[in-house]
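Following this line, the structures themselves.
Common to both upcoming complexes is chain A, partnered first by chain B, then by chain C.
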Partner chain A sequence: MTAPAAAFDKALALITRVRGVRGAMLVAAEDGIVVAEQLMEGIKGPAVSALAASLTARLRRAMEAAGVGASLFWHLQAEQGALLVVPTPAGTLVVAVAEPDVNVGLVRLELLRAAEVVG
Partner chain B sequence: MPDEIKTLSSQLAQDPDSLVFLRLGELLRQKGQVDIAHRVALTGLERHPHLPDAHDLYARILADKHDYERAFDEWDMALRIAPDHVGALKGLAFLYFKVGDVQQAAAHLEAAQRAAPTDPGVAQALAMARGEGPGGGGADMSAGGRGTEALTEPEPIAPAAQPLEEARVFAGLEGAQEGLLLLDASGRVLGGALKDPAGRNVTDAVAAYLAGVSQEAARTVKLLGLGKWTGLAAEGELGHVHLAPPSSDALLLVVRDRAVPMGRLAIIAQRAALAARRWLEAHA
Partner chain C sequence: MTTRAVETWTLEPLVKFVKEAGARLVLVMTSAGQVLAQHGFSRAVDVMSAAALGAAIMASTDEMARQLQQPPFAALNHQGERHGIFLAGLATGRGRLVALVVYDLDVSSLGLVQLFFEQLAADLQAASPKESVPKQVLAADFERQLSDSLNTLFGR
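What follows is the complex of A and B.
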């Protein structure tokens, strides 16, 4: 990853400005380590990033086995919120934690834009 | 019949809000002009979205076109609007029977009989579904769901006297053997099957990779304080997948190509999860 810290902040700001987003992170897909984060208080970034990376890896293998190719975006829905993730080709995960009534389509677009910034 | 079609077409042209589209669509369907019937029904449905007969008509046309998944949706919608709609009950019975779920087929026909106790077509179909009538096991049951004639029309469906367990899980749902999969917590297949775009059976491989996803999803949302997880939708380069937990120790996977939007996939997954939940409860 070669993007400077300012670019990371810019990428995360794209996501966190969406209403209903409680935080955003950049995570190394390979080991689940947090690269950068803008999270609301109370969100356990390192633990969430590790699980997001693990889920991404499981999904990738399952989706490739199913013949639908690599995952471009995934969205874990829960009763009181959601986790949304875009993996980048360079091995970074762009992650958002959101309220349940968030505009998923808008968050998806901003995650994809942020993924372009991060590379 | 052609004269009647002409007359009804003329009436509909003069008054597009008229309900004659119901009769016109049915006549066109019976005449085998399914594409025109489809257009008539769809236009009518757009003007009368809360009319159960419009959903029923559209469902019958979709069934004629072998689009059983959408037919199921339409008959289901008709029943949401009118829970005793005989045509919709018979239509769903047909779809359940078609995938080999004789119990569900009979249950829907029994509901139809309660709603229309004097309908000889329902009684006859019910007898067939119970294996009491000619061609036992309901092998003569046919599509249509139209009043008393629905179950006595000549179009036969595949007999299924010994339905496969896999098909029973996703009764009435399209893709039960190529795009729907139900797993237990250990990744063992409970029902359905999965094929990749090349037609290869990838059920076991995908099941193995998905083992543990349910628990991991649950851990993640617990850590975030988000309550229970309700679904996981993923967009792939060549297709979309949707995972749902029909119970705490089971996992449902729905796979479709990219032509199916994610929102529609979620609806398909909801229906499949409902079917899976029923099946799990029945086999608990």
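What follows is the complex of A and C.
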């Protein structure tokens, strides 16, 4: 049996190996606290995790209000990068911080794979 | 919800913190429980109780840390079903202060409170009067000062 920490590292490595990904994190959705991270220097992990979790909670309410069910994946594109998030059923967020020209489809695929590993 | 301060330099950082962290109730006080600013409390008795309990918890954890021969614990978080309580010390020119934050779990989170608490600590440090000596509260003046503080905190 793989220890959780090793499994989390492996899940994050799946994401960070994609070209253009600057970092990946597992975040406790309820608390906005970092569970595990692999980030390049300069990315403020605790800030990204807290704000991503807050945004996820608000998006969830918007989805519920719109009657479209739970959020499966979200992608925020900014001038100098992108934030991509997959919430897991167990309440963890798999988060990637990426370059603006990253292959979003590939990152999404790896985020979903990582979410399966994390559960 | 109103934010009020006995010491005006605490007001702006506190207003900013409340807005950003989505805090429901906040007390900024000395380690002895003397309140410098508050947000969200509507009754003086609640402020007095919360300040006394918060200061007592900080004193207890400081003593535990001392017995473990460790530096004082930075922060304490206690989470319930709907609310969380965050209690932490911060250094200012006015001496060591304590912040007690109560947040709703459906509005905020520990991560957000922690994140913006760091900013609050930096803002209070920057805004605090330099080289000021905290006023000694004499027993004879205690009740009057407490009454004055509570009047200010509740806009009376």
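The working rule: the second predicted complex is superposed on the first by the 116 of 119 C-alpha atoms of A that agree within 3 Å, B and C clash if a C-alpha of one lies under 4 Å from a C-alpha of the other, contacts with A are read in each partner's own complex, and residues count from 1 in each chain.
In this text, a residue touches a chain if its C-beta (ideal position, glycine included) is under 8 Å from a C-beta of that chain, and two chains touch if they have at least 3 such contacts.
From a predicted model like this one, the values you see are computed outputs, not experimental measurements.
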Here chain A is shared; do chain B and chain C fit on it together or clash? fit
Touched partner set for A:G81, first chain B, second chain C, both or neither: first
Per residue count on chain A, the busier partner among chain B and chain C is B
By the touch definition at the top of the document, which applies to A:A47: first (chain B), second (chain C), both, or neither? both
Once the shared chain is lined up, is A:R17 touching chain B (first), chain C (second), both, or neither of them? neither
Return, as a multiple of 10 degrees, the angle whose vertex is the Cα centre of chain A and whose sides reach the Cα centres of chain B and chain C. 110
Taking the superposition on A as described, I'd like to know which of chain B and chain C A:I33 touches: first, second, both or neither. second
Minimum distance between Cα atoms of chain B and chain C in the superposition (Å): 9
In the superposed arrangement, what residues of chain A touch both chain B and chain C? 47, 51, 54
Complex interface listing, chain C residues touching chain A: 79, 105-106, 108-112, 114-115
Chain C partner, complex, touching residues on chain A are 27-28, 30-33, 46-47, 49-51, 53-54, 57
Along chain B, where are the residues that touch chain A in the complex? 194, 196-198, 200, 202, 205-206, 209-210, 212-213, 216-217, 219-221, 223-241, 253, 255, 257
Would you mind writing out the residues of chain A in touch with chain B in their complex? 42-44, 47-48, 51-52, 54-55, 58-59, 61-63, 65-83, 97, 100
